[in-house]
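Both of the next two complexes hold subunit A, though its partner changes from subunit B to subunit C.
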Partner chain A sequence: MNIKIRYVVLLTATTSLILTGILAGPSDINLKDVFRGLTLSSDDAVVKTIIWDMRIPRMFVSLLAGGCLGLAGVLIQLSTRSPLGDPNLFGIGGGAAIFLAVVAAGFLPLGHFGIFFGSICSSLLIAIFLSKLISKDNLTPIKIAIIGIAVGALTIAIGTSVISHGRVFPSQVIGLVSGSFTSSTWLTVYYLLPTLCLSLVISIIISKRFYPIMLGDVLSRSLGVNPVRTRTITMTIVAVLSGTSVYAGGLIGFIGLMSPHIAKRIFGNTPLKLVIGSVWIGSITTIFADQIARLLFSPIELPVGMITTVMGAPVMMYLALRIR
Partner chain B sequence: MNITVNDLSLEISGVKILHQISFQIPDKSFTCMIGSNGAGKSTLIKAITREITGYSGSISEIKENELSYLPQKLIAPAFITVFEVVHTGFYGVEMSKKEKVIATNKLLEQCGIEHVKDGTFSDVSAGEQQKTWLAFALAQSKDLIIMDEPLSSVDPPSRESFYEILRKISNNGKTLIVVTHDLDMAIKYSDKIICLNKGNKVFEGKPSAFPK
Partner chain C sequence: MVNGFHSRLRQSFSVWTIVIIFLACCLLSGCSSEDIAKKNINAPLSTATTNPTPNVTRDPTHTPEPAKVVINIVDALGQEISFESTPKKIATISPTATEMLYLLGGSSILRDRSSDFPNQVKAVPSIGSAYNPSIEKIVAGKPDLVILEALTQARFVGMLKNYGLQVMAVKAETLDDIKTSILNIGSVIDKKDVASAKILDIEKRLLTVGSNDGRSVLLLISDQDRNLYAARPESYTGLIADILGMENKAAGLADSGPYPGFAAISPEAILKSNPDIIITISPAPAPAPRLSKTLVQIPPFAGLKAIRTDKVIEADVALFLQSPGPRIINAVEFLKKRLTPESS
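Showing the complex of A and B:
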């Protein structure tokens, strides 16, 4: 397909998903009222609240959290040389989930920023642990994936047992473990937007170093790129992004895994194109999954992470079969 | 580039790995280093590339910008093409993007892998992968190329064509050191053979003089 047509298709998809997020929903508002609510010309305070304080922030949060996951996914895949990398499957997001479980269970009384910051720090701890585990030379991509998934399973087990000790609603547990954007607010948007923008800028700046890194540490050094330093920077960004996305929407798996592979087919295989493309694809796939989660059995919501798993698990199986 | 190794000995945790080894590698020559498993070939190479230190004796200094070294175990990068691997060899080389693409294509042709250039690296044959690594090493435009057992899993016809390429590269002015088990190829194509056995040098000289 011609590259221009691809962009048009992607733009159309993004726009229609955004519109779906704003126009459609479980509450019984007709289109005319939605437009009135949008332009603030409606007298109905309920409509305005639904549009401006629920649907629009949720639409932004799903786009931005998806972008974070897509970017974290491509960074983890490029820097660890494992095409099966995913921040949440590899437990980095799980670090934040454990922290959020501790908070939800009432063990840590913290404000919004404290929770946001704590999520990032906890993800960072797991990222450091994981980096140590996979820092041995000559680990094959599959081995790296197995180690990562084991760490991921461990974090979910810890997180779930912590949260089951607190008196919390079952929906909170599901929201954390299987992902949900139900409680999205503008505040979440304000935390997500600068985090994603800053991470993207740094990733673009260092993207040139990723090809040498992909050839392994010895060759990377011979090309003048210090693999350990580059991986440290990258894994730090991955931790910040995953912590942020889990803070925003819980554990949403497979977006990080899928996005780089889809981006590669649409935009091309240079690290720069992959980095930018993965953000976009991550956003689209996540907002798409969220629309299905919201609307498929409306008014009952499905966890968004369940939808992304249904989308992503076959991709992972296909990729695993293709790796030698 | 001439390389002189003088009276090199190395012990690792009390075990003698290399014992008083001396040899010379002349500039622009193609040298094969042979010997059975555990003879000390890879260790010797690692001493030359300064990956291992703590030896006694001397090795002439090789600067980082003069050496391209392909270690024994290279993990196949997933999902990148043969072209991209070779192209990455030009990382940090001062050339325009266009020049790099032209130079990459030239190397692919020189190493006989232009027909698989768009193939995913991990999908092409072991012989083609090895030629890709060779083209990658050449892209770095260093004077000395050291390869540690490049053809451990390659069928005989592919070995032959690989050594033919190595011969041409050496004729074009590169110094090559190749560690190998493959005595037949070493005798047929190299300028010089150095044979190790249990950490001792047992032969150094022209292939024609090698005792069969």
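Showing the complex of A and C:
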């Protein structure tokens, strides 16, 4: 019963947030016109453009980017056993941010796909670097977290230097560093959807490997699961997801960190439930943050990463006090 | 031993196979996505299939005329733009565009939040910041034309055009830019005579103030971390001093920091350049402290010629930085007045 209520609440929250994303916006279109635009029965091409070309793709992008972050977060936390695992905190998203800073500064003239693929590749480079650092056997979760945070700080320092060097406008910098879904298009949706689906399928397939890893590297080996190899696969998926999410909305903090913790309390502690639950929670929290970002001071938009930080920091403090 | 080696080789081979297959899948999905996206990039506009030319910005009351090009202009981004009729609903999303339009007697249906001159503009609905405007609000306003600023807003041109909007850019980097942009707007809104008259007025007033000051100057601004930046002669702020014939001590410095056209300058470099005049700009509104007041309190600066002779001038942020455009003449006249011995 309790579980059922939780699912109903989550489903209601998801539906309401999706509807808010479609029905509300900075332009004063009344609900009747929105519904007519939604069903394509409106004669007003502008309303159709606003609904179908602005609000709906943005709603999808925030859902999918949040899902990517939630999945990346849970994969790091499961494979490293560190409760502090977050793709952006560990600098994996920072790799893509450095690449996007280089593009924004005008050093690399690339098309949409070049930027998308470059974001993934740069995140992958950081993930390989991080994997090498944490590939030693028997590293404690706290050591892995410290190494991750150090790599994260390094990528932010490099990214900031690139931004300072290039003539980048303040709003672009804020969009990249604090996150923004302002320029979401269907193209972004088309890149995000297959990436998240593919990553989710692989994550579900390998989720069984996390059971022995939870018991520690030594026990995991004796149970037939190589923790280093599993981390290599996991970090590759995390890099793809982080690069994709940074490409879609910049560095959005705390989603990857808090989604697995919330999912654990709602769905339970098995890896499979955590993987699926984190994607769902990541999506909900991100779309919620985006609604606040675009509607609170409309038409002025706040950086979505700022909202996720404001939401995530107290949640993490609460969780930290609860974790034994 | 050999078996162990083979087994490890096989295991690492299988890991990397998975990794490579995964990346290849992502690459393929991306490629196919791009193909789909290319086909769909204008999909929402093509939803208006009843309209053969999906120009969502047209006034519904406007009766279609035969394709007759009335006005041709080349805007500040080098775009060749044709207008078949005078645009009725114009959105100006930068102070430069807004002030140029209102100078000629035009009016805007949408503005950015920094556009606040002349006074009646304040009643026009805002689309948010000029650096991060609400594209949805612009599209919803159904303007016949969006005028933006070329240097800071060029990245919005493609985005707005994708939604079927006519976009024109203006700029105010040099006096010629200002004149050309005013003339372009004049042509578009059918007020070419007014534009010529206004340009003539600016030229006359510039002749009156003269261009033979010859004194050295630094035009300074600070950021939230109290770093100082000097306006280069190539910037709009630098142009104001340049018109008066002042020698800008920031010439040759490289563009750096958050303000385009400004160069980061160290206190040592300021002391070394020791200009006759210092012009300060404080971006934060009062009661935030004015840079002209805080600068003189920095002990090493006490020896600066400009501070010893009380030649530190606080300039209005809108006139000197935020609103490049036709009011450049007001900025030049203000500076001239403050530089003449009687007023100082």
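Keep in mind that, in the parts below, the second predicted complex is superposed on the first by the 308 of 324 C-alpha atoms of A that agree within 3 Å, B and C clash if a C-alpha of one lies under 4 Å from a C-alpha of the other, contacts with A are read in each partner's own complex, and residues count from 1 in each chain.
As a convention for this text, contacts are C-beta pairs under 8 Å (C-beta built on N, C-alpha and C of every residue); 3 or more make two chains touch, one makes a residue touch a chain.
Computed from a predicted structure; not experimentally measured.
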Quiz item: Touching A:L219, do we find subunit B (first), subunit C (second), both, or neither?
Solution: first
Quiz item: Touch check for A:I262: first (subunit B), second (subunit C), both, or neither?
Solution: neither
Self-check item: Which superposed partner A:Y211 touches (first subunit B, second subunit C, both, neither)
Solution: first
Quiz item: In the superposed arrangement, does subunit B or subunit C reach more residues of subunit A?
Solution: C
Exercise. Using the superposition on chain A described above, determine whether A:L200 touches subunit B (first), subunit C (second), both, or neither.
Key: neither
Quiz item: Thinking of the overlay built on chain A, is A:V238 touched by subunit B (first), by subunit C (second), by both, or by neither?
Solution: neither
Practice problem: In the overlay, answer first, second, both or neither for which of subunit B and subunit C A:P299 touches. | Solution: second
Exercise. For A:V61, decide between first (touching subunit B), second (touching subunit C), both and neither.
Key: neither
Quiz prompt | Common interface residues of subunit A - those touching subunit B in one complex and subunit C in the other | solution = none
Quiz prompt | subunit A residues touching subunit C - in the complex, by the definition given at the top | solution = 25-29, 40, 43, 45-46, 48-50, 52-55, 112-113, 116-117, 120, 124, 164-165, 167, 169-171, 174-175, 180, 182-183, 185-187, 190-191, 193-195, 198, 202, 226, 229, 232-233, 236-237, 240, 298-301
Practice problem: Could you pull out which subunit B residues touch subunit A in their complex? | Solution: 64, 67-71, 73-81, 84-85, 87-89, 91-92, 122-123, 136, 140
Practice problem: Would you tell me which residues of subunit A are touching subunit B in their complex? | Solution: 81-83, 138-141, 211-212, 214-216, 218-219, 222-225, 264, 269, 323-324
Quiz prompt | subunit C residues within the subunit A interface of the complex | solution = 11-12, 15, 18-19, 22-23, 25-27, 29-34, 36-37, 40-41, 43-45, 47-48, 50-51, 54, 56-57, 113, 126-129, 131-137, 139-142, 152, 159, 163-164, 255-258, 260
